[in-house]
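Lettered A, B, C, D, E and F in written order, each chain numbered from 1.
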Amino acid sequence: MRPSGRAPDQLRRIELVPGFSRHAEGSCLAKFGDTHVLCTASVEDKVPSFLRNSGRGWVTAEYGMLPRSTHTRSDREAARGKQSGRTQEIQRLIGRALRAVVDLEAMPDTTIKIDCDVLQADGGTRTASVTGAWVALRQAIDRQRQAGKLARDPITGQVAAISCGIHEGAAVLDLDYPEDSGAQADANFVLTGSGGIVEVQGTAEKAPFSEAEFLALLTLARKGITELCAAQRAALGLTA
Amino acid sequence: MRPSGRAPDQLRRIELVPGFSRHAEGSCLAKFGDTHVLCTASVEDKVPSFLRNSGRGWVTAEYGMLPRSTHTRSDREAARGKQSGRTQEIQRLIGRALRAVVDLEAMPDTTIKIDCDVLQADGGTRTASVTGAWVALRQAIDRQRQAGKLARDPITGQVAAISCGIHEGAAVLDLDYPEDSGAQADANFVLTGSGGIVEVQGTAEKAPFSEAEFLALLTLARKGITELCAAQRAALGLTA
Amino acid sequence: MRPSGRAPDQLRRIELVPGFSRHAEGSCLAKFGDTHVLCTASVEDKVPSFLRNSGRGWVTAEYGMLPRSTHTRSDREAARGKQSGRTQEIQRLIGRALRAVVDLEAMPDTTIKIDCDVLQADGGTRTASVTGAWVALRQAIDRQRQAGKLARDPITGQVAAISCGIHEGAAVLDLDYPEDSGAQADANFVLTGSGGIVEVQGTAEKAPFSEAEFLALLTLARKGITELCAAQRAALGLTA
Amino acid sequence: MRPSGRAPDQLRRIELVPGFSRHAEGSCLAKFGDTHVLCTASVEDKVPSFLRNSGRGWVTAEYGMLPRSTHTRSDREAARGKQSGRTQEIQRLIGRALRAVVDLEAMPDTTIKIDCDVLQADGGTRTASVTGAWVALRQAIDRQRQAGKLARDPITGQVAAISCGIHEGAAVLDLDYPEDSGAQADANFVLTGSGGIVEVQGTAEKAPFSEAEFLALLTLARKGITELCAAQRAALGLTA
Amino acid sequence: MRPSGRAPDQLRRIELVPGFSRHAEGSCLAKFGDTHVLCTASVEDKVPSFLRNSGRGWVTAEYGMLPRSTHTRSDREAARGKQSGRTQEIQRLIGRALRAVVDLEAMPDTTIKIDCDVLQADGGTRTASVTGAWVALRQAIDRQRQAGKLARDPITGQVAAISCGIHEGAAVLDLDYPEDSGAQADANFVLTGSGGIVEVQGTAEKAPFSEAEFLALLTLARKGITELCAAQRAALGLTA
Amino acid sequence: MRPSGRAPDQLRRIELVPGFSRHAEGSCLAKFGDTHVLCTASVEDKVPSFLRNSGRGWVTAEYGMLPRSTHTRSDREAARGKQSGRTQEIQRLIGRALRAVVDLEAMPDTTIKIDCDVLQADGGTRTASVTGAWVALRQAIDRQRQAGKLARDPITGQVAAISCGIHEGAAVLDLDYPEDSGAQADANFVLTGSGGIVEVQGTAEKAPFSEAEFLALLTLARKGITELCAAQRAALGLTA
């Protein structure tokens, strides 16, 4: 039995609220149960120096948690003066995930910065971030296209992310915080809408896991990602 | 005429949503029109070293803006590695404002940290922060009292804040961003529920202002603060 | 009775020593009793990036305290690796105060940096800084004008600052450290030579204060600023 | 054809030189072809604060690259004043990998810090680090045991790491720099000596990859890890 | 001919003003011509952690330059967020110089921090710092002794410092800024009152120098130090 | 008797291994007994901003110690976020030493960065660094010359460094760690191949030293430097 009473292959209640932010070119409040992440996409008419004169644009991400998004308050990273290793790992992951479905040559001289800020955390903040970030990115690029700034659509597909894990001996989908903190193993999967693997991060927390266990997690992830991609399309009023 | 069409002494639409955050001991989403600030109160059973063995508790505040809360994206302070002077000024102001209505001797061995995070900005983020922070603080202290941890109520009154300014020659209440960026002068007032002045910060932006102008701003502020204090009580279901 | 025996509306002994520094384009050692601040003005033939090609110059300020300017030694900010919130507040205040009496369009492509370094502190360091900084600025601009580098005088008036407070129930002018640390309320006023209000910062330290108390402080401040402006002119050999 | 002429399932020449460092309690120079990493293990008789009075010890790792270990010089992280996100990711990975084969309760009040410093880089620095770190850790713990400081052996098994990738359409083992920079996808595998999966990190660099491709990489990894574990035992004179 | 017209073995005009600072336990304004350094000594009743329970006290120093002490303004180290290598070299030198004439076992549980802040610079700031620091230290220790806090005098002798250099082919004493910036070689000597060498730092700026040249500088230094030690005693009213 | 059994004027076993690093334009592993420093030279086709359009190139150095190069582990400077004062002193010294034998006008638009990284420390790391750095620099410049990038040879001579000290009353050459930590006085000498003094740094550790003692150290240093210069030439296959 899962603490939440969910079936092993059941996602939490997913809500993707596009256009949540008044100022950003694209935005999405992504709710995976009690995990709430505000994703915004900001468009800039320049590129980082390593891409200057390359004909290519850039998509990158930053991640943060409000100090009291968590059960007990964490120090504010701005006050401590540096971002933790965990923060940097997650924001690098979000950026790579999005770039896997963007043709950077179709957005020359353009940088899109995705900010994923966790308003409330209950496990799975990185997967909610990736999933919501794609919606914000899609909105921002639509807006650029409507303004006639992009000759063709740089987005080549959908991308979403979900966690799976082994909890009390069973493979389960979309871990919440109570499951996450007690899992024997957990893995984050970033997949495209067409089922391609973009990123896999699996970690044994208590004991090494087997190939069979790993494949069971991947099967669950495929199911979850299919549902998340449907939710992304529904949020934006897109057909499959 | 104000850009928003408001009367000179008219606040923006005010919404104070208590208990917005699932984890914090107290919280309030404070909306002053399109300015939205999430205020949380976190209780810790210890005090900073300068108060150790003093028999007194502490109330302090931190402030931050999400990078894309503003019209154009600002750098993330955690990524830059330091908080700006403006951020530090504001968080010091919020802390002082709250401590003006707290009897620290009534909360020994207890620190309450208020986090004010701006989700969306349209002028007046510091005044929305102070006003929402009091609600979050009130909730957190009520919870401590219900848990039997405080012998008496440390809160001695209400406190709220509002900005006023001279815009196109007229004194106006509760400046939004278009007014704020074009004001000749502006002032932030922190007043108690009983009308006492806790903090006044007036700045001439274009030309020095006169004592008469300053007093006109103070009169507007009194009206605004009265309404904000009523909104605080309504949000918490308190009688005057 | 004031600890120093001064009358309530009496300044400390004021000394403004222009040209104290051998290298700076303008300088002033400002002494308010035992508070001694060395103010220098440094001229640079460039402007910050946000003013490039704007036709406007810039005036800015930095502030610091020698580690043992105070009763007990404070950590050196350069060794700690960052400036405190208080330092940043004060240097922003000094900059705003000076810019209120400078026409930046009359000093294109020119930045003047004011450094206010506290050699000895006994309360009121920010007000001594503003008052001395104006003298240093006046000197530096005179020197630029004599060198034929400015077509017209960018300085539009005098500016000075003074603190007032409620000490043992009475409104008093120019608080020294013993008064400052025991005041019920204190306020810093930055006024122009012609009496306009540039900045007001009032804070209730122990209990909220009333409008009447605030106006009493403002009346004292006007008297003090008149005397400080006379001292500025005397130091520089100017007629009113 | 691989640039190096190796067979698809062929490791580079592996050398593990234990005891390379004169001062450290354990050490190993790990050479995977032209990738050379110096791993040292330092024993301290204390634990981090979050483990105090827990009865458990700790194993952690730090990672660095000499500025000119790479083809073109990189900035020195100590001079830049912070570790990159990549550095932090890698050192967290090394620590997790080692802790997967250590029973921390068998080493109370003891911290072992592993330093992995890349003297020369040619791809696969993190996998050489994990593989060499285990040798250094084994040495340090043997020394502690010989000194009578540990009642039982905290090490529960071997751990090693290897990268695999899809290069020019083929799955290959142990990528060197020319392969790594041109791979369609790559994955790092951390496995135990008994074949359990400790950590999997797979990333699509150019296009998403399929489950079949992923499993081909895992198969290669198993072969490589078996050889690396044999090399670890040979280096230390252990029997399987 | 020296730019200043001084004889080769002639010091600049030396002034040592003890007790310059109102708050510090010891202080001295050290003037070597136009180089002015404010030295203060602050006494604390604790020692750094590496000396805890050692029965020994500690003497250490910090050094800083006001941003406009120099011909052109330098960035403020507190604003840049770190002390330069030069600053750290100098403050380490001052600390070592003083500790050479202090018996730390005679001042248990006591730390004296010397701050040397350059108000105006014209070459030789480190030598003026050492020379003035000794006066401040002597005052602070006398005060401790008068307060009955030290059983015996920890100071074992005088220490002072002077620079010498080869300028236009000639060995000269006490370089000012024009000489310093054009010297072929320069050396700083820290000597005790009894002529012992505490520290020698010689650097060839343009071309290597010979042993004979070096000895000529040392001879000049001895003469200068004798005069500086006399000035220290005169400033404090001590007999030789 | 020296702890190592060496004669007073005897160097440790010296090994200079040129070309140790695969990627760097020049490199040398310098071994002074158990002190091992990896020196690399990296060539860049640009100069720092203060030399732009000057027609001059630049040679600079950075220094670091692996955390466990020492007897007990030191914190990693990259993790602490800043380089120590000692590190900065040493890297400034190495840079000055090399520039003393380089004609920067003969290497326009070229910067050579020397990295000296201590793999193992047993005293004298700065002198091994200078000595090995010259070999790496010589290699890098030879390579530039062979590539036709330098019209003439910028290197004007050899430079090497050695420490001497007073240990148990006797002057000894090339202190190892046990001697260094117990020396009454020690001095580092940087001399050119033709015997000119480039840098002298002498420090009394326990008691001031005399001129005669200092000259005895210099005599020892001359002998050592002559041998080190011969070793440099031998390593590179150069004739005197």
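Heads up, the rule we're going with is that a residue touches a chain if its C-beta (ideal position, glycine included) is under 8 Å from a C-beta of that chain, and two chains touch if they have at least 3 such contacts.
The chain list, named the UniProt way, goes like this: A, B, C, D, E, F = Ribonuclease PH.
Because the structure is a prediction, the values reported are computed rather than measured.
Within the contact network of the assembly, the step distance from chain A to chain C comes to 2. The chains that touch chain C as well as chain E do not exist here; no chain meets both.
Note: Cα superposition of chain A onto chain D, rotation of 180 degrees, nearest 5.
The most distant chain from chain E, with centres taken as the mean of CA atoms, is A.
Each chain gets a centre from the mean of its Cα atoms; the one farthest from the centre of chain F is B. Inter-chain centre distance (chain A to chain E, centres taken as mean C-alpha positions): 59 Å.
Chain geometry summary: the mean Cα position of chain C and that of chain F are 51 Å apart. Taking each chain's centre as the mean of its C-alpha atoms, chain B lies 28 Å from chain C. Counting only residues that touch two or more partner chains, chain D has 81-82.
Beginning with chain C and heading toward chain E, the contact ring passes through the chains as C, E, F, D, A, B. Interface residues of chain A facing chain D in the complex, by the touch rule stated above, are 82, 85-86, 88-89, 91-92, 96, 100, 187, 191-192, 194, 196-204, 207-211, 214, 218.
Every residue of chain D that touches chain F in the complex is listed here, in rising order: 21-24, 27, 34, 38, 40, 42, 44, 62, 64, 66-73, 76-79, 81-83, 87, 113, 115, 117, 119-122.
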